[in-house]
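What follows is a pair of complexes built around chain A, which joins chain B in one and chain C in the other.
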Partner chain A sequence: MSQAGGQKPAANRMTLQTFKARLGGASKGFKLLKKKRDALKAKFQVIFRPAFKILSPTCSRRLHLPALLKEIVDTKLKVGEGLKDGAFSLAKAHYASSGDDIASTVIERAKRPSITTKLYPDNVAGVSIPLFKMSYDASKDSSAQTLGVACGGAVINAARETYRKAVVSLVKLASLQTAFHTLDEEIKMTSRRVNALEYVLIPRIEDIIHYITQEMDEQAREEFFRVKKVGRGCASSSSPSLKTEVVEKKKVKLQKEKDEMAAAGKRTEAAIDAPSMLATKKDEDLIF
Partner chain B sequence: MVKTKFVTQSDMKIGLIGDEDTVTGMLLAGIGHVDGQGKKNFLVVDSKVHIKDIEEHFHELTARKDISMILITQDCAELIRRAVDEFSHSAQMIPTVLEIPSKDTPYDPRKDGVMQRVAFFMPSAMASLGVEI
Partner chain C sequence: MVTVYSKPGGLTTFNIKDGFVEALLRGYKLGFLKDVDYRSILQCDNLSDVKLNLQETDYGNFCAEVQQVSPSIIREKAMEKLVAEFEYLRSQADYPLAQFLDYITYDYMIDNVMLILKATLNNPNVDIFSLVKQAHPLGQFEESVLKSICAFENSAKGYGELYQSVLIDTPIGKYFAKFLEEESAKSAQNANDVQNLLAELSATRLESSLRKLYLEDFAHFCETLGGETAEIMLNLLKARADATAINITLNSFDTQLNQINTRKSQRKPLYPSMGFLYPEGTEKLSEVGDENDLASVLRTYPIYEEIFKSHQGQSNEQTIDDAFYEREVELNEMAFEGQFQYAAFYSYVRLKEQEIRNLVWICECIVQRRKDRTSDHFVPIFSKEAKFRNRNR
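Moving on, here comes the complex of A and B:
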């Protein structure tokens, strides 16, 4: 990836292809992410299906989110109601237990929870959201069973039931809240990525491609101009030099021949003027 | 990309921070848990408890892996509002923090961080909650 600042890539066809491919990938990804973000946003608002079902994990895990927000609001109200009832029944239990402080007993006796939650990952529009399912195990309830033995047992049991119902809706609310929170985070991340692609990455790649095409055009023009120049030079300016070269060569050749001829002429004269061998003259030594 | 894959986990507890009555009621229902080292998943907040202790307990609960959600009454949440908000804005999904009304204070959706986000998307939410509760 080209860094910010002056480091530009080499302007040749290969890099152009690379960057074009990158641009294609980026725009495809951008379109997909945009679709994902819009789908996620839609999950928030639109009413999907009338029933809110959390199916058991053995069946297909499709969470139907009818107007997630509306559901949250409704469940919050229900929770409020449930807790109010619970508090009321607890007050009754206090009253019924006539003086015995059941609160501290309850708090002390708490050992093993009879209500536990299970965490299931579910998939909504490609986002993995956690779901809670409450499981109530009556067998572990023993710690509080003996509470109201002396007096007010029924009321205490009633209070327990009310609170248990409140916890059910609380768990449901927790599920919705996490779903909302997770989707919110996911939308934020996807939006960020969409914006980054749209306003930073794709313009940058387009800039680079633009620069590369510019450079390549310039290079082509330079090349073309150079070739033209050279061609013209061959036709006019560079040929005199060739001619003179040739002429020079010819001249030299001619000169040589002349010299040779001259030398040869001298020798023929010498041949005619050569004294007879009978005349006594000292011959010169032949030195090679 | 923060791709958190949630693993199926069973046997998760419910944390609880609240006043005595709320805690009593919830414990009656059966969410109380004390483990081998005496660590409880609930905290009774009365006038004697320091805010620092509440905050510490809250952080303890959020760090625990076996707690799926934390119930906290709105007055306790007000006391440690900073810590609660910080956690809500972090990317951690588990445990969820649920603000519940207590006996004395009715539920105020304006203070609940989650409800503020909901109202952002659905402006009528505040009205329906503000009017009815």
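Moving on, here comes the complex of A and C:
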């Protein structure tokens, strides 16, 4: 039984209609959101792989390792390898250039960047994900070309190539990770909404509707009971006309109510299992 | 230029003035790391082990105060040791040995000036102290000189001003003077060309020109010394000049220097006017356009052909720089075979540098866990396992 607040809404047909409309809206929304969540999840396929150590910390599903994560893991490994190779080739370049530290010279020569990235929005199942695209302009590299003319030029170029490859994987990794984060957030939010609807809102509304119909049934039964009592009282009293009038009024009123209730819904019919006033024995005519 | 007051003595008279210093040098020679030392270092898994192992050798506690050892720190400290030894030799030396040792330092002074110039060109507010730290310790200037170099501006006049105010007092000033002469000669012909050069290209030209002038000057000085010194030193310097020429040619293939119209005018002046390749070899080299041409030119010089083959071979492990280093080590070791000459001092410095390079390379390999690749760039010094000693087996 819902304990929703202290205010119970007024138990009449209007509120009943309002709440029924809300229930309809809520269940439609619930179905749609569920579909969206399933679609987003399907983006992540279900493959079980015991590679937990390298998982990103925001992975909220520990049992199923999505294919997206697998790609991230692979790219991370590649980045690690690439940077390791890069560091090694840099050490070689140091050795080749008479043991001097070329890092400072490279930094001093760097002017315009030859590698640039752009951010594009990509649409996946209704979610907008940012994507990085890398563009490499070799002509802007010229400032570093004459770096090792006297000695070690080839090795320095090799080091540059190795690092450039590492940067390519880095950019890819960045795109994958942002995609993963965004999708994860989106899925969490949608799941929250779906669960909220399923377990909180809809039951609440259903409870309220149930309560209203119950109240209305009780009211109908009270009326019926009252009319019966009044009718019995009228029959045993001395002023028949008065009684007749009262009875007639009651009859009309009841009839009206019954009609309205019949129009309101099939639920109310069940409440009126009590025998109809008009169908039972006729009252004796009162003779003056 | 300082005139030479006397020459190094021969068999009977050398020890009068220079005997003590040479004895010191022979003592230092024993301090080179041996094969067994290298092997034990290679067994280490991290740099503190390396530090421990080095304590057994002549390096002793050179890294004693340093908590966290890294390859660059090892290089720094090893350099310090070399500089200390060199300074001691220099302080005990008399003319003309002192002059000879000074010539050795001019090389590093050129390095330092280029470093400062490059830094200043790109960033006028560069921090001078960080530069001083990076400068090669053997080629020290005074701080006032360094500061004035920093105030240099990049223009055709700039170089002239720099020379007038600062470099004229330094030993390498004369090289600068010659460079400016050549520059102004060129600009008289073609003012536009000088303007259109990229800043990097002119820096490269400056460095190469300074280097080549230095080599030529040093060779001339050695000739005046005469005797065995001249013989051996000329050998060494010629080999170095050839290495420079070949390297410049090889590395210029992808750059502006390789375009046909610029080859003669810009690349050729970079070759030193000495060496076994001079003059016919350099003439041919200046016309080389790609690697095949280079190979055909070098065919007439079998030693360089061998070296060049290593470049054309698997380029992953041994590069042409390694081959040149090996040759240099071979020649420098030979210098120690004879006595009563100064070439041993020059060789000592070069070999010590190579040793430092080896050490740093091994440390990098250890740090990056690539111990299998150590032998790529490692040249053993004074070792029975050196390649050239086993060549004819």
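By our rule, the second predicted complex is superposed on the first by the 193 of 288 C-alpha atoms of A that agree within 3 Å, B and C clash if a C-alpha of one lies under 4 Å from a C-alpha of the other, contacts with A are read in each partner's own complex, and residues count from 1 in each chain.
Here, a contact is a pair of C-beta atoms (placed from the backbone, for glycine too) under 8 Å apart; a residue touches a chain by one contact, two chains touch by 3 or more.
Because the structure is predicted, anything quoted here is derived from the model rather than measured.
For chain A, the partner that touches more of its residues is B, with chain B and chain C as the two candidates. With both structures placed on the common chain, the touch criterion links A:A87 to chain B and to chain C.
Once chain A of one complex is fitted onto chain A of the other, the partner contacts of A:A96 are limited to chain C, with no touch recorded for chain B.
In the superposition on chain A, A:K36 makes contact with neither chain B nor chain C. By the touch criterion stated above, A:V79 is placed in contact with chain B alone, chain C being left untouched.
Once the two complexes are overlaid on the shared chain, A:K172 sits clear of chain B and of chain C alike. Put simply, chain A uses residues 84, 87, 111 to touch chain B in one complex and chain C in the other. Considering their complex, residues 71-72, 75, 111, 115, 118-119, 121-123, 126, 134, 136, 198, 200-201, 204, 207-208, 211, 243-244, 247-248, 250-252, 254-255, 257, 311, 315, 319-322, 324, 353, 356-357, 360-361, 364-365, 368, 370, 373, 376-377 of chain C touch chain A. By the touch criterion stated above, chain A contacts chain B in their complex at residues 44-45, 57, 69-70, 72-73, 76-77, 79-80, 83-84, 86-87, 90, 102-103, 106-107, 110-121, 128-130, 132, 135-136, 140-141, 144, 147, 156, 159-160, 163-164, 166-167, 170-171, 173-174, 177-178, 180-182, 184-185, 189. Chain contact summary for the complex, chain A toward chain C: residues 84, 87-88, 91-92, 94-96, 98-101, 104-105, 108-109, 111, 142-143, 145-146, 148-155, 157-158. Across the interface of their complex, chain A is touched by residues 1-14, 20-34, 40-42, 44, 68-69, 71, 88, 91, 93-94, 96, 98, 100-101, 103, 107, 109, 114-115, 117-118, 121-122, 125, 128-129, 132-133 of chain B.
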